[in-house]
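I have a structure here, written as structure tokens, and I will follow up with some questions on it.
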Amino acid sequence: MALLEVSGVSKRFGGVQAVDGVGFRVEQGMVKAVIGPNGAGKTTLFNLVSGFFAPDRGEIRFAGDPIQGRRPYQVAQKGISRTFQNIKLFSGMTALENVMVGRHLRSRSGFVSGMLRLPWTRREEAEVREKSRELMAFLGVEQLADAEATSLAYGQQRAVELARALCSDPRMVLLDEPAAGLNMRETAELAKLILRIRDRGITVLLVEHDMSLVMGISDEVAVLSYGQKIADSDPRSVQRDPQVVKVYLGEEEC
Amino acid sequence: MRSVRLRQVAVFLVLAGALQLGAIAVGKPFWQTQLTMSAYYALVAVGLSLLMGYAGQISLGHAGFFAVGGYGSALLTTWDLSAHKAAGVLQALQAMGAVVARPDPFGGTVLTVHPWPAAVVAVLLAMAAAWLVGIPVLKLSGHYLAMATLGVGTIIAAIAVGTQALGAADGISGVPPLPLLLGVGVGGATSQRVANYWVAIGLLAVCMILLLNLVDSRVGRALRAIHGAEDAADAMGVDTARYKLHTFVVSAGLAALAGVFLTHFNGGIGPSEASIMKSVKYVAMVAVGGMGSLWGTLGVSLLLNFLSLRGYFGTLDDAVFGAILIGIMLFSPDGIMSPDLRRILVAGWRRLRPAPASVEKGASEEGR
Amino acid sequence: MRNPILPLVTCLLALVSTPARAADPIKVGAILSVTGPASFLGAPESKTIQMFAEDLNAKGGLLGRKVEVIVKDSGGSPEKALSFAKQLIEEDKVLAILGPSTSGETMQIKGLCEEQKTLLISCAAAEVIVNPVAKWVFKTPQKDSDAVVKIFQHMKSKGLTKVGVLSSNTGFGKAGKEQLEKLAPNFGVQIAASEVYDKAATDLTAEVTKMKGAGVQAIVNWSIEPAQALVIKNARQIGLTIPIYQSHGFGNINYVKAAGAAAEGVIFPAGRLLVADVLSDKHPQKQVLVAYKKGYEARFKEDVSTFGGHGYDAMLLLAEAVKKAGSTDKEKVRAALEGLTGLVGTAGVFKMSATDHNGLDVEAFELLTVKDGRFVTLAQ
Amino acid sequence: MAGELFFQYLIAGLTYGTIYAVVGMGFNIIYNATGIINFAQGEFVMLGGMTAVSLHAFLPLPLAIVVAVLVTMVVGALIEVTFIRWLSRPSVLRMIIITIGISILIREAALLLWGQDVRALPYFTGNEITSIAVGGARISPQVLWTLGACAGLVVLVTAFFRFTMLGRQMRACAANRVAASLCGLPTRNLITLSFVLSAGMGALAGCVVSPITQTQYGIGTGLAIKGFTVAILGGLGNSLAAVAAGLLLGIIESFSVSLLPTAFKDAVSIAVLLAILFARPSGLFGARAATRP
């Protein structure tokens, strides 16, 4: 049974039919990519899955139970976490604190226990802090722990946001154009990193423009055009699919 | 991090002690009365600073929650129940000590609720009101939230002035002291002025410890995340609506707690405590103290309330308040705690004393 | 966590560095709402009290000592009044406190003055200030109940039985409303409608329409705030021609100017200050009233009002009590004040006693009306 | 309720409503151009009334009003230039606090200048007791002056923003200040102009309602709260909606008096309007600038 099943999902904004009857499946432990030209509905689809928008029609199931129309925090509770196209780190907090918020779902100290700093709360705090440092190390940015998150360099902020997303031990992570703004060397590093994330047993759903990244690491690739899915199979066959080539005419550099 | 917080509270307590001794040394032990009142008003401002500075939600109706706390305990501790003494439930309450007979100022005996259960009921009432009101209100944001909380404050103020049982325009007076241990009571008795001063400073210090802990805990981080980027916090699994609501309820609870203690200290409460201008003053003190700074808010509200209660500015009291408001907001938007204001103070101080020929150290902090 | 201690120190240091006060003249405290919503009460009271003190000092003060009046502006807020009362009693060790201007503030500090055994001579009108009698608490404005009696007597003589009551949401309004409801049956008067309006109202057409709907034969408008003029104007504008009675809180010519032509024929009980120059020469109050009226209007270039008169009477009572007691011992001055009789003040002739800490009776009132924009005594 | 009484309550409601509506419109003009909620708006109404009363001592009524409006406009410009012009990207809360400070300062200055006495302009036609019958109800002609003046203001303001060059520029500046300055529009002066316009409107309203409500140094705060209520509930930035919301608030208040004790007039009207706000968070008629940050 697939980890994520999207079936017949549609979303209209006023006159624009952003997503039109899209359906696809993501198996456990897979790296799945969703590609398509600008305005193809990739980010809208992303926001539908992560609960920022409720679909007009169609169903989204994660590990069997429906999540369409749920609030983002409920979707996160099911085990899906995400990054954002335009990085959304918490201003006024250090990088480490940002990542620790990612651990929110895996900790439970509330208002009263937070105020009283009960023994178990202190132990939980230490554990959250330790886990966050470990993830920042995993992404190679642990030396930025105490820096103001929003004043870090662009690439560093991306890494911190990714660490934050991973910090809730999700079953699946949604990456919204992670390679945007990165040069060739950084993209290659990112590819290795995504594979290492998958090796930790986390399923990856990727929205991306950068073909070199997508084709290199994806198990399956779905292609969207004007809100409709026009292809969905392994990278090799997708590249040769005549419809995909037509949509991407002239852009594809094999 | 924990030691830093305790050190700060310890320094605050030492400062409070120094201030008290200084006042007595200068022959002005009476300042403690105004300082005690200012400490309770500071408690409201600090609670509001949590809501505005950390959860980023504005409230123009906080004097209303102060009044719910104050009026709640005032009504329960002055309402003479002896008329229906026979009622079974009353006997039960009396047996439990929740209802007590006590002499009233004019020689008769009155059967009223004991101040402590009254205080608990009043604070819970205010928190319940905040909960009920918070649910629909906190869906709004920005100006609409300001308006909704202003509306709630207006309704509470209208009820306070309009209800005969709450003493209409005269408010409620003759409120007995809140008994603490070893005979000390939160009340106007001049013999207990020192004790009352330390009760107020103690209550403020305890609440500061709790709030500082909260701000540095999981919940605190979630609140700052909501303030920083609400939808990102949502995606991280933070139920933003519930956290904003809980913070609103906690800050309303603190305001009501201050209302209860100050009403006992003053021996009464008037409808002016629920007025909109009072709410506006609390908001201003939080802004002037620095939105995210509990200590800044505490310092500013202690000072401004003290000076206003001492009547130093006479008929210009409001004008001075308005001027301070504009001055701080224009020249130091992050309030008195902002790095650039401190840089000016440090620079000024360094210029005063003959500075050794050391090279000016570049200030490393970035402004928020 | 940025280090917060530096600004906290600067704040607290600012508190300690204020000057101390000299202490040889007789110190008298005064808590008045010189600004704020009740400034029309506090401002004239404050000016009058300071004028009285200066004249007194010019004539050698009291028992050979200068009188120093410390005026604190409470802005009408009870918590400030309480804070100032504590300062005046404990720090400045005042002989007595004059004011506050509003009933709400007086009720807040009444307990403190009792406990601290300090004379409180309030300029607020509510009956509940001196009823039940508190040992150290007195008040100079006339009794609400006497004003109500004066109005109901006149109503009875005109056969008016169905009455509407409008009162402001202040201590003054509340006290009057209570007395009206308590004494109405004694005069066969039935209160058909009773409404409390906001002291800062900008228009009261709806309220007077409600009175019109209740079919009342007369309206009693119990208020001391400027908004009372709106009731008179709005009533006439919606075509109500029934008689309108005001309270002794109408005793300020500005309210007549505000109500303009609508004020013609309004009836209200008041002290004789407003008709001082018309009083017959042999009237006991004539000399005091004319002197105060001339002195105040020459000095402050504004019309005199009965509210300022309450301040005058407070200083007068205190001065006479100190002279009679021959000392500034609190207990002696209090006893002397309680024994004062036949003292001519602006509100009437004071006759204090152990059971009556106001000392004025129905005689203190005269029914006045408005004719061509001026106060005149109502021909009975 | 008899027909005549109903009509009387209705007219009373309209009188309150127009006063609130004009203050609400003042809020919107400045909000539209700057995104600032100007809590000193009530003070402009007070300044207009007080200045007109002082000038009326030696000027005929119409001239006194015109000069009073001009004086208040100058005050509006001075406030914008001294306090607001040089602020870079002020936050919402910071602006609310600054305007609250300004309103307190103006009020205290008025107290020092004019004292605490109540003053009022004479009625434009007739005097305090002249009343005319309108559909069974009797009202003071001043009410018609108020309704007329407010209607005139609404028409003038709408026409100004829609048809004049300056009006279009101000709308552009409100929609996107950066884009407007890129097109060469003098955004700084346009913002000052918005304060001047709003001050002038408030002052004119202050003069027209002065005979009805009487003017005292402290009436600004109460009016500002009502104006803020009306601006929000109509939908921020939407001036016509503010007028409708103002009339609605006035009518609810007036009829609430006929059913419930007057003491709770404010509580009832706010409760009703909060209920509407919770149902439609963007205000009764939808905020024009829903995306305003």
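The letters A, B, C and D name the chains in turn, as written, and every chain counts its residues from 1.
Rule of thumb we're sticking to: contacts are C-beta pairs under 8 Å (C-beta built on N, C-alpha and C of every residue); 3 or more make two chains touch, one makes a residue touch a chain.
On a predicted model such as this, the values are computed, not experimentally measured, just so you know.
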Identity of the chain that, by mean CA position, is farthest from chain A: C
By number of C-beta contact pairs, the top two chains: B-C
Chain A and chain B: spacing of chain centres that average the CA atoms, whole Å: 43
Distance from the mean Cα position of chain D to that of chain C, given in whole angstrom: 35
Gap in Å, rounded to a whole number, between the CA centres of chain D and chain B: 33
Inter-chain centre distance, chain A versus chain D - centres from mean C-alpha coordinates, in Å: 50
Per-residue overlap in chain B, given as positions that touch at least 2 other chains: 161-162, 318
Touching two or more other chains - residue numbers and ranges from chain C: 35, 169, 196
Chain A: positions in contact with at least two other chains: none
Touching chain combinations (by label order): A-B, B-C, B-D, C-D
Chain D partner contacts - residues on chain C that touch it in the complex: 35-37, 39-40, 43, 169, 195-198, 200, 202-203, 205-207, 209-210, 212-213, 226-227, 229-230, 232-233, 236-239, 254-255, 258-263, 302
Touch list for chain B against partner chain C, complex: 1, 4-5, 8, 11-12, 15, 18-19, 22-23, 26-28, 30-31, 33-34, 37, 105-106, 161-162, 168-171, 173-174, 188-190, 262, 266-273, 293, 295-296, 298-300, 302-303, 306, 308-312, 314-315, 317-318, 336-337, 339, 341-342, 345-346, 365
Parts of chain A lying in touch with chain B, wherever the complex brings them together: 50, 52, 71-73, 76-77, 81-82, 84, 88-93, 97-98, 100-102, 104-105, 107, 109-111, 113-117, 121-122, 124-125, 128, 148, 151, 164, 168
Touching residues (chain side chain B, partner chain D) in the complex: 52, 58, 136-137, 139-140, 142-144, 146-148, 150-152, 154-155, 158-159, 161-162, 276-277, 280, 283-284, 287-288, 291, 316, 318-319, 321-323, 325-326, 329-330, 333
Touching residues (chain side chain B, partner chain A) in the complex: 2, 210-211, 213-214, 217-222, 224-225, 227-229, 231-240, 246, 250, 292, 366, 368
